[in-house]
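See the structures that follow.
In what follows, subunit A forms one complex with subunit B and a second complex with subunit C.
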Partner chain A sequence: MGVSVRQWVLESYRSLLGSMKFGSKGTIIWDSWDMWVLEIAVLPLAQISFFYFLVGYAGYSPSMVEYVVVGNAVQTMTFSSVFAVANITSSDKWQGTLSSLLVTPANRASMIMGRAIYQIIMSLMISITGLLYGYFLFGVNFSSADYPMLALSLVLTSMSMISFGLLISTIGLYMRTALIVANIFLFIGLLVCGVNFPVSALPSWLQILSYAIPLTYGLQAIRGSIAGASAASLILPISQLLLTGIIVFGFALGLTNSFEKLSRKSGKMEVY
Partner chain B sequence: MSRLEISRFQVVKASMGLTARNFFVDPQWIIPSIIAPFVFTMVSLFIFSREAGQTSAVLLAAVLGGGMMGMWGTTVYGSGESIGFDRWNGTLECTLSAPSPLIWIIMGRVLWNTMEGSLNGVFILVIGLLWFRVGIGIANMPMFVLSTMVTFLSLSAFGMLLANLIVLSRRGGFITNGIEIPVYIATGTMFPIVALPLYIQGISYALGPTWGIDAIRRSAIAGYNSGLHVSIYFDLLMTVMATILYMALSGYLFVQVEKIAKRNGTLGDY
Partner chain C sequence: MPEKCLETVDLRREYLNRSFFGKVKSRTVALQGLSISVNKGELYGIIGPNGAGKTTTIKILSTLLLPTSGTAMVLGMDVTKDLYRIRKRIGIVFGGERGLYNRVSGLQNLLYFSDLYGVPASVSRKRVPELIEMVGLSGRENERVEKYSRGMKQRLHIARALVHDPELLFLDEPTIGLDPAGSRNIRQIIKSLKQSGKSIILTTHYMFEADELCDRIAVVSKGNLVALDRPSGLKKQVKDITLVEIKVFGDPENLIERMKAESKVSRVFSEDLEGRTTIRIQTPEAPEVLEAARRTASEYGIKVIEASIKEPTLEDAYLRMVEE
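Let's look at the complex of A and B:
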């Protein structure tokens, strides 16, 4: 029986909507009030403070201190956009619901995406809190900031990093867990994405990884927006951010099907 | 002691052995607890090495601090997650109703976790040596070994104290994730605590590992004068005193926590 494109779109939309509601009601295991407080208020402050004191001790200039504060404020969004999203499939596995989900005819990508969507709001809240800490506690200067561009850069960074989280989440369909990889990518951005020092300071072989992660471009756009750079100069990092986000998202969609097939074939869907 | 009873030492040994075997069967689970200390250390080394004026002593101090963070990370997660996994798998009630007091079971787990963290410390030292070419010449080896061992015990004792909270609380993830980075800051793992505001320094002095890491640096780096303005013997004394205090407090709390947990009957909730 063939399925028309219209039917497919409608079905996918319904799955997306359903899992969005499901996701917002707390199917993602970290979704409890204490984790909200931890992610939004505690972790950004702790991480920014650590690197703020570190660069202060190392004797860096105030502009470099600001660079580090903004970098960490934005990077903390990965707690939500990468870590929480990456663990969607693994949490289904732990709770024994993955195999039930995979026997439904619903579009897999829609189901996973629906549960990831509300993490856009969460990751934005984390980064905005981080930037507010930057302004009120660490002396980041927002006097020249271009707020519409800053908002656009933050939203696009969040969406692109969620695509990255989805890509890792697909691993959980086949491997025992995506938790390990999620943990690695939760923090690796601190090292490779220009959060605490420019990417050019890294060895060239490591820079390849830097430019494959959307956060690298997101940070360039956000720092530029805060410094009040012209819209023309922000077009390049924003385009790169969009492009990497789309590529990563495409990979995530493609791998969802491939990893599902592999896990069905190996029969290891419930192994963790 | 009747023949059916087993000694505390045997309980600690058995618990430690089982935790070690669990680790060797599935060593990938060390990654979540070491990734943050590892990346934080690498970033710190990049930051220090980019600053032209930084000496090899500063880099060595950072590498030693990184090792400490590795031990700390594994202790915190190991202590927190061992109870968390019990709760998750539905074995916490069984563990608590076993004839062996919970404190000795947890002690075995925490000791192994701290030991596992030492492996991470060694790993960071090797990275520092190979990648950042940090010269690892230990100025006073016997004192370095002694300081490391005393700090190891202090971390384990702190882990015990933490485990108490997690037996009662369903918010183990909140506690372990929330406490990790603040303790890196407060104990001066990467920068001396004099670089911190005074109100944080007050907390720092109450933490045994703060004195421990100072002792480790003082014994490893000749002429080290960036830390606390005390002698290495005073550092060691304070670490030992903090360890004894933590142990006494956890001993008392474990008894209370066991009573409360059994009375409330909500151990399995998560």
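Let's look at the complex of A and C:
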């Protein structure tokens, strides 16, 4: 006898909502204002400054400097959308709460998603702060910006990157920690997604990886929105962003159950 | 015939340690074919030394671990197949301080787990305060868990395992590391849970606890069931021996060695506490051995504080079983 669809939906909803409410309080270390200031205000400033002065030293043109500033302002969102989300299972292992969670009948996808949703807001705040730094401190020109399209692109980029975070987080169900994979992903993102230089500058075999990561399309859409590109020209990168985000999300859902089963088989659920 | 709430048949679990290339480097057998059966409403103890397989058994029965072979049925359902339905009807308490969200309050921990168990809000609004009251956390429920004492955390663990009102509870060393008052508190809660009709599986290292609480006790050693009986029945198994208990001041090493060498002595155990040593000697000839012990202590200038003949305890039965 299985569970009825209605019951499944209701319980998944409760687990999603409960995890959403809980995610911002119980499972992250940013529970005091100083942590917030560091993550939202200092982190993007530090990263943008590093690359701004680096490309200034390397003699980039002003338009390329702007390219780098916008790229890094958006890329910093991966600290929250990918790194923090990937850390969900690892932090539960570390706190010893993973077994208590996995012994509940809760839908795993809704449970982890609920905990991750809060990070959409966090990652948006980080990127918006980064773009404000770009405007006020680093000379990014927003005079032609299409703000509704910019907002849409930022939200979709954040959501798509959360999918990547979820995918990496599922690995933590089986491996000791998902954080190493998340760390590697942060640097792969910097390298291949067009953050500091166009994807076309990469070898063609590496571009395959670029176009598998939603951040690449997100950056195209965001840069286009800031430059005031027509809505029609933004439809393609936004559609690609949405599609890769959905594909990665699907993988994450599928892998959650597989990795949980593997951890039950290997007995590594609590190993951290 | 009492209704069963749990049954395992020939349950086996191996842990494999693999190399980077997947080759099996070593194999640890945690359970070697454990068969147990627990009746509905029973408080069933599992005792055994470290590494005996107690926690592995609990993990398999609570669906957190797959057995290598054998079967385990919980509330009539297979632990490898009916995960969802089993999880809805069981609760688990892990011993120790970990396993709670420390940065939020006890109340928030309970409400979160109520959500994960799919408990309707109307029910959890009533049940959660009742549980807080039951485990004695009233007035402290809004404090962050990181401010709780170890005993309070353990009581919160119990409350959390009860948010969905499970029929079967697994308590994995629930009093580990607690002070005597805290342990007694937990034992009272366990007794009241049994009285309310819940079936309970309890693992513990403390023999007096198993003796006080359990209807039946399974003694496991090296992944095997070595004895199963009521506490009184287990104690009867060591009726052939009596105990000489001597409490001494000073270095007891010579006395212990001499007593071990006595032909009428089966075993000698000792425990040091604040400069005093309690020596327990298992023997079928207690009066004679007691005299020999007094004489030997005197020879070595060891001060005897107290010396008496005692009835064997569950601990004596346990020690004999796990050592055989």
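Quick note on the criterion: the second predicted complex is superposed on the first by the 266 of 272 C-alpha atoms of A that agree within 3 Å, B and C clash if a C-alpha of one lies under 4 Å from a C-alpha of the other, contacts with A are read in each partner's own complex, and residues count from 1 in each chain.
In the analysis below, contacts are C-beta pairs under 8 Å (C-beta built on N, C-alpha and C of every residue); 3 or more make two chains touch, one makes a residue touch a chain.
Because the structure is a prediction, the values reported are computed rather than measured.
Trainee: Considering only the touch criterion stated at the top, classify A:Gly96 as touching first (subunit B), second (subunit C), both, or neither.
Mentor: Second partner only.
Trainee: Between subunit B (first) and subunit C (second), which, if any, makes contact with A:Val3: first, second, both or neither?
Mentor: second
Trainee: Looking at A:Met111, would you say it contacts subunit B, subunit C, both, or neither? Reply first, second, both or neither.
Mentor: second
Trainee: Is A:Ile180 touching anything from subunit B or subunit C once the two structures are fitted on A? First, second, both or neither.
Mentor: first
Trainee: Using the touch definition from the top, say if A:Ala58 reaches subunit B (first), subunit C (second), both or neither.
Mentor: Only subunit B; A:Ala58 stays clear of subunit C.
Trainee: Pick out the shared contact residues on subunit A: the ones touching subunit B in one complex and subunit C in the other.
Mentor: No residue sits in both footprints.
Trainee: Would you tell me which residues of subunit A are touching subunit C in their complex?
Mentor: Touch residues, subunit A against subunit C: 1-3, 7, 10-11, 14-15, 17-19, 21-22, 25-27, 31, 95-97, 99-106, 111, 264-267, 269.
Trainee: In the complex of these two chains, what residues of subunit A are touching subunit B?
Mentor: Touch list, subunit A to subunit B: 30, 34-35, 37-38, 42-43, 46-47, 49-51, 53-60, 179-180, 183-184, 186-188, 190-191, 195-197, 201-202.
Trainee: Using the touch rule from the top, collect the residues of subunit C that touch subunit A in their complex.
Mentor: Result: residues 13, 15-16, 59, 62-66, 83-85, 87-88, 90, 92, 94, 96, 98-104, 108-109, 111-118, 160 of subunit C touch subunit A.
Trainee: If you look only at subunit B, which of its residues touch subunit A in the complex?
Mentor: Going by the criterion above, the answer is residues 28-29, 31-32, 35-36, 39-40, 42-44, 46-48, 50-51, 53-54, 171, 173-174, 177-178, 180-182, 184-185, 190-192, 195-196.
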